Amino acid sequence: MTISVSAVRTTHWILTAQCPSRLGTVDVVTRFLREQGCYITEQQSFDDSSSCRFFIRTEFRPPEEGEFDAGAFEAAFAERAAPFSMAFELTSPERLTPVVIMVSKADHCLNDLLYRYRTGQLPVAIKAVVSNHPDLAPLAEWHGLPYHHLPISAETKAEQEAEVWRIVEDSGAELVILARYMQVLSSEMSERLAGRAINIHHSLLPGFKGAKPYHQAFEKGVKLVGATAHYINDDLDEGPIITQGVEPVTHADTAEDLVARGRDIECITLARAVTLHLQRRVFLNGSRTVVFQR
Amino acid sequence: MTISVSAVRTTHWILTAQCPSRLGTVDVVTRFLREQGCYITEQQSFDDSSSCRFFIRTEFRPPEEGEFDAGAFEAAFAERAAPFSMAFELTSPERLTPVVIMVSKADHCLNDLLYRYRTGQLPVAIKAVVSNHPDLAPLAEWHGLPYHHLPISAETKAEQEAEVWRIVEDSGAELVILARYMQVLSSEMSERLAGRAINIHHSLLPGFKGAKPYHQAFEKGVKLVGATAHYINDDLDEGPIITQGVEPVTHADTAEDLVARGRDIECITLARAVTLHLQRRVFLNGSRTVVFQR
Amino acid sequence: MTISVSAVRTTHWILTAQCPSRLGTVDVVTRFLREQGCYITEQQSFDDSSSCRFFIRTEFRPPEEGEFDAGAFEAAFAERAAPFSMAFELTSPERLTPVVIMVSKADHCLNDLLYRYRTGQLPVAIKAVVSNHPDLAPLAEWHGLPYHHLPISAETKAEQEAEVWRIVEDSGAELVILARYMQVLSSEMSERLAGRAINIHHSLLPGFKGAKPYHQAFEKGVKLVGATAHYINDDLDEGPIITQGVEPVTHADTAEDLVARGRDIECITLARAVTLHLQRRVFLNGSRTVVFQR
Amino acid sequence: MTISVSAVRTTHWILTAQCPSRLGTVDVVTRFLREQGCYITEQQSFDDSSSCRFFIRTEFRPPEEGEFDAGAFEAAFAERAAPFSMAFELTSPERLTPVVIMVSKADHCLNDLLYRYRTGQLPVAIKAVVSNHPDLAPLAEWHGLPYHHLPISAETKAEQEAEVWRIVEDSGAELVILARYMQVLSSEMSERLAGRAINIHHSLLPGFKGAKPYHQAFEKGVKLVGATAHYINDDLDEGPIITQGVEPVTHADTAEDLVARGRDIECITLARAVTLHLQRRVFLNGSRTVVFQR
């Protein structure tokens, strides 16, 4: 199967940065870009007075003449950023981010991500699909993707996670997408993946954490169900929220009906969060996130 | 000021009923209506297999000839309903339900309800506005409504609630609307008002119960805030949910911004729940509700 | 690949009926069901005073003892229905409705429908996928479905439609799903498929009919885009609307971005409409529809 | 009645600017602010390649020491902006923008705006309420606002508009809010108010332009109704859209029901658009708008 990358825009770059709040943080970025002859097409900045952190995201076109030297750009900007203790990243939207997708038995999110992947809507290079069950192997194989069936039990958890980590490291994956992977990651694993593992929880957090959230929702008699995409952290279902989605439900929906209805919301919410992350629109801000929506 | 009741429909009646699940519950209602020559314009029934309860709501037009005798109708139907242990209620949509509204300082929900009331969109007769603060008196007075300022403290709570109860009883109120009334009702009060007191909580329950839910939401970094209208019961913010509403928020919204943005959702959600209740579209079903939406 | 039908409920049946408005239409159905010892689990009826048409949908469980004889049921009910000129249909939710899906090049709706199909969420037997382009053959073939590539031009239209019709007839298809099939059906074809062909138009009708609705939307500068699922009729994009969905967009979205963002809404809206149709929740009511939502 | 302005933030300023696209437009703004010692709390910029226009909005805090001289700031920035043909505006969010509200008979939008006004949520100084009907005088008077009843007919239109214009001019109104004002403004009036008159149309434009959109929607059988807030221009209901809102409806909703349900959406949509405008988040971009949401 041919994977096509749809280049929606002409070549451009994304520069993101963050640092402690102080005077001059926007100017550091914009003045440098001006000097470099870079044309800013879109920019958003936010200064969080409660956390005293500054965040900025800039999309720009490099100068028309000559070849854009990303390395030189980064080296030069590093000098400007240093006095501000400003961390930054230069990204090309056309670059395919290496990812690993983790699943269990539910296939809807994987199916949705793979669809977007094969039609070029997700700028990723899927290095592997990892699962504690064998069920989703056919779907991965039809896409020509390696599938790792890594069963897990209380006794084998450490070894299984070590194997998962090996796959992540060896593949150079920069993002792990937990697409309804139903196992709880250990503290060590969560720490290793801090800021680069996105999970979809099938409820509107902080409501209905843990297992069987749709059944909890049914018992509670809520009139809305939803899903939350968040970065993994040490606490179960507590990581910084990226995006959430909702769907109205009625008294006539059984718990199984809620499960079925929730699938669409989970797919869309996870895909949105992953896309925002890949577009470098999401910044960790303590226990929260800053999201520069288009 | 003239309060006009907008009679949207020609004269018709609403018959609601519920009972334990068993064969023949729908037929009990429809056969009787047919015999009475009543014309059914809309009907919804639901049999809950988990709670083994049956619910039905029927809108009908009485026979064209003669005068409809509601009392005779009820007496005759009672005989049919008895073998099914079927509780029922016959209501006229044009009847103005006596209500008492309870508020504290926040005025948005009261303002919204009074607007709907004075333009005839809410078929209520507002008997009194009760508050533990004096702030909203002008708004009530402009509508020509009695305003009872009943301050409350830990020591005076029992007396204050006794006074509230006296007002409710004396006025014949059939519904108490807690429109951002910020005091927690005692168990006794909650029990007395079971099934006929609707509260608006400014969060998507079960998330963020208790005080300052918007501040809790801000700390948590959610990307959606909302409101929940529910019947009061003994547990704080735990009563059967009638309806919920949501609003997206961003990292740029401070806690005060969330408070401001949430007002619209609270108004709409409470108004919807009250309207559904007045239209007899809501049935208590254990800790949940059955809602026959239009 | 194994296609599994998820039997969410115990065995039950769906009886739908419609006729000219008159007294006794609900009773005709419920009395008969009572006599037959059928247990009504859910029922909705609506009497449209503007079109003078009555609609009813009932879900019921057959008597526990004995085998349910659908044919006998229908014959007996036909006698009751006749004096009311009542058309009715008895359906089993477990029955797989034969369908034909028509596509062109865009694959998102087909991908979505086939996912729901293979996971047993859509009670259909897909007889064929028909397209005027060859692009989507691999997707159909992976699902083991016959794919008919039927190119079309102004000159060959009549023949192509004749071939489409042959496929529909021979397969016994009861529903044709136009999943972003971009050709306009002729009047004859539309008439033949009246009430049993659902199309997804990628705009909020009546806005932006015809070609390139996202480009029209971009030019107009709307802040919401959407999709409309409707039955095909003789007028382009004018058929009775079943359901609609929306998505907010911004100034930063180019026309291509709108196309991309609209895909999710199109998939969900079409799937919802098809599901409602299969559940017999949708009734044609002149140029409109009656939809008995769960 | 006391009108309180809720000062949510510490003192800060808003600088907006726009000009033809070219290199260096962001830097012009940010470098100047840096030199002035101004602290940027939030900034958004967008370069529209299709219209070749650049837009930027910056919120900043002035230097802590000394008094901020807005006039000097503007004079100095004008010199920097001139070579870019950059139009700009410096605004204080605490400043109350003088407005005139125009209404006819429907009072829901006026009621909603006046509530927000009297509770300090809308930073406006309402100079007058103008109507072609007398009905809404009591509401305006309770708020202590001048009410001008200016009847209109085909013959008196020019004179009536002249009087409206006089009120707008004399009051120094910078924004005219057409809150369900049902008369069509003449070309001359539209031109005079270009970019500073916001209208709420009770449909999702471009669908259902003109009169009785809810009745049109009912006839069409749509499953969503909505409202569109837009700037007035010469074409009826064609002005640049600021924001839109939707509400689901069903077959059971009559045209009058749609009217009733639409009120909430109209109020919220209009209030949102007015708020965005007052926050200087909206820019005219040809027939469209750029909206920098929070």
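Points worth noting:
Labels A, B, C and D are assigned to the chains in the order they are written; within every chain, residues are numbered from 1.
Definition applied: a contact is a pair of C-beta atoms (placed from the backbone, for glycine too) under 8 Å apart; a residue touches a chain by one contact, two chains touch by 3 or more.
Just so you know, these numbers come straight off a predicted model, no measurement behind them.
The chain with its Cα centre farthest from the Cα centre of chain A is B. Set side by side, B-C and A-B show the greater C-beta contact count at A-B.
If you average the CA atoms of chain A and of chain B, the two centres end up 42 Å from each other.
The mean-CA centres of chain B and chain C are about 36 angstrom from one another, to the nearest whole unit. The set of chain C residues that touch two or more partner chains comprises 42, 46, 250, 252, 254, 293. Contact topology of the protein chains: fully connected, every pair of chains touching.
Interface residues of chain C facing chain B in the complex, by the touch rule stated above, are 23-27, 30-31, 33-34, 37, 39-47, 49, 293. Residues 1, 8, 42, 107-108, 111, 115, 119, 121, 138, 142, 250, 252-254, 256-257, 260, 264, 268, 271, 293-294 of chain D are the ones touching chain B in the complex.
Of all the residues in chain A, the ones that touch chain B in their complex are 46, 48, 50, 204-208, 219-224, 226, 240-244, 246, 250-252, 254, 285, 287-291, 293.
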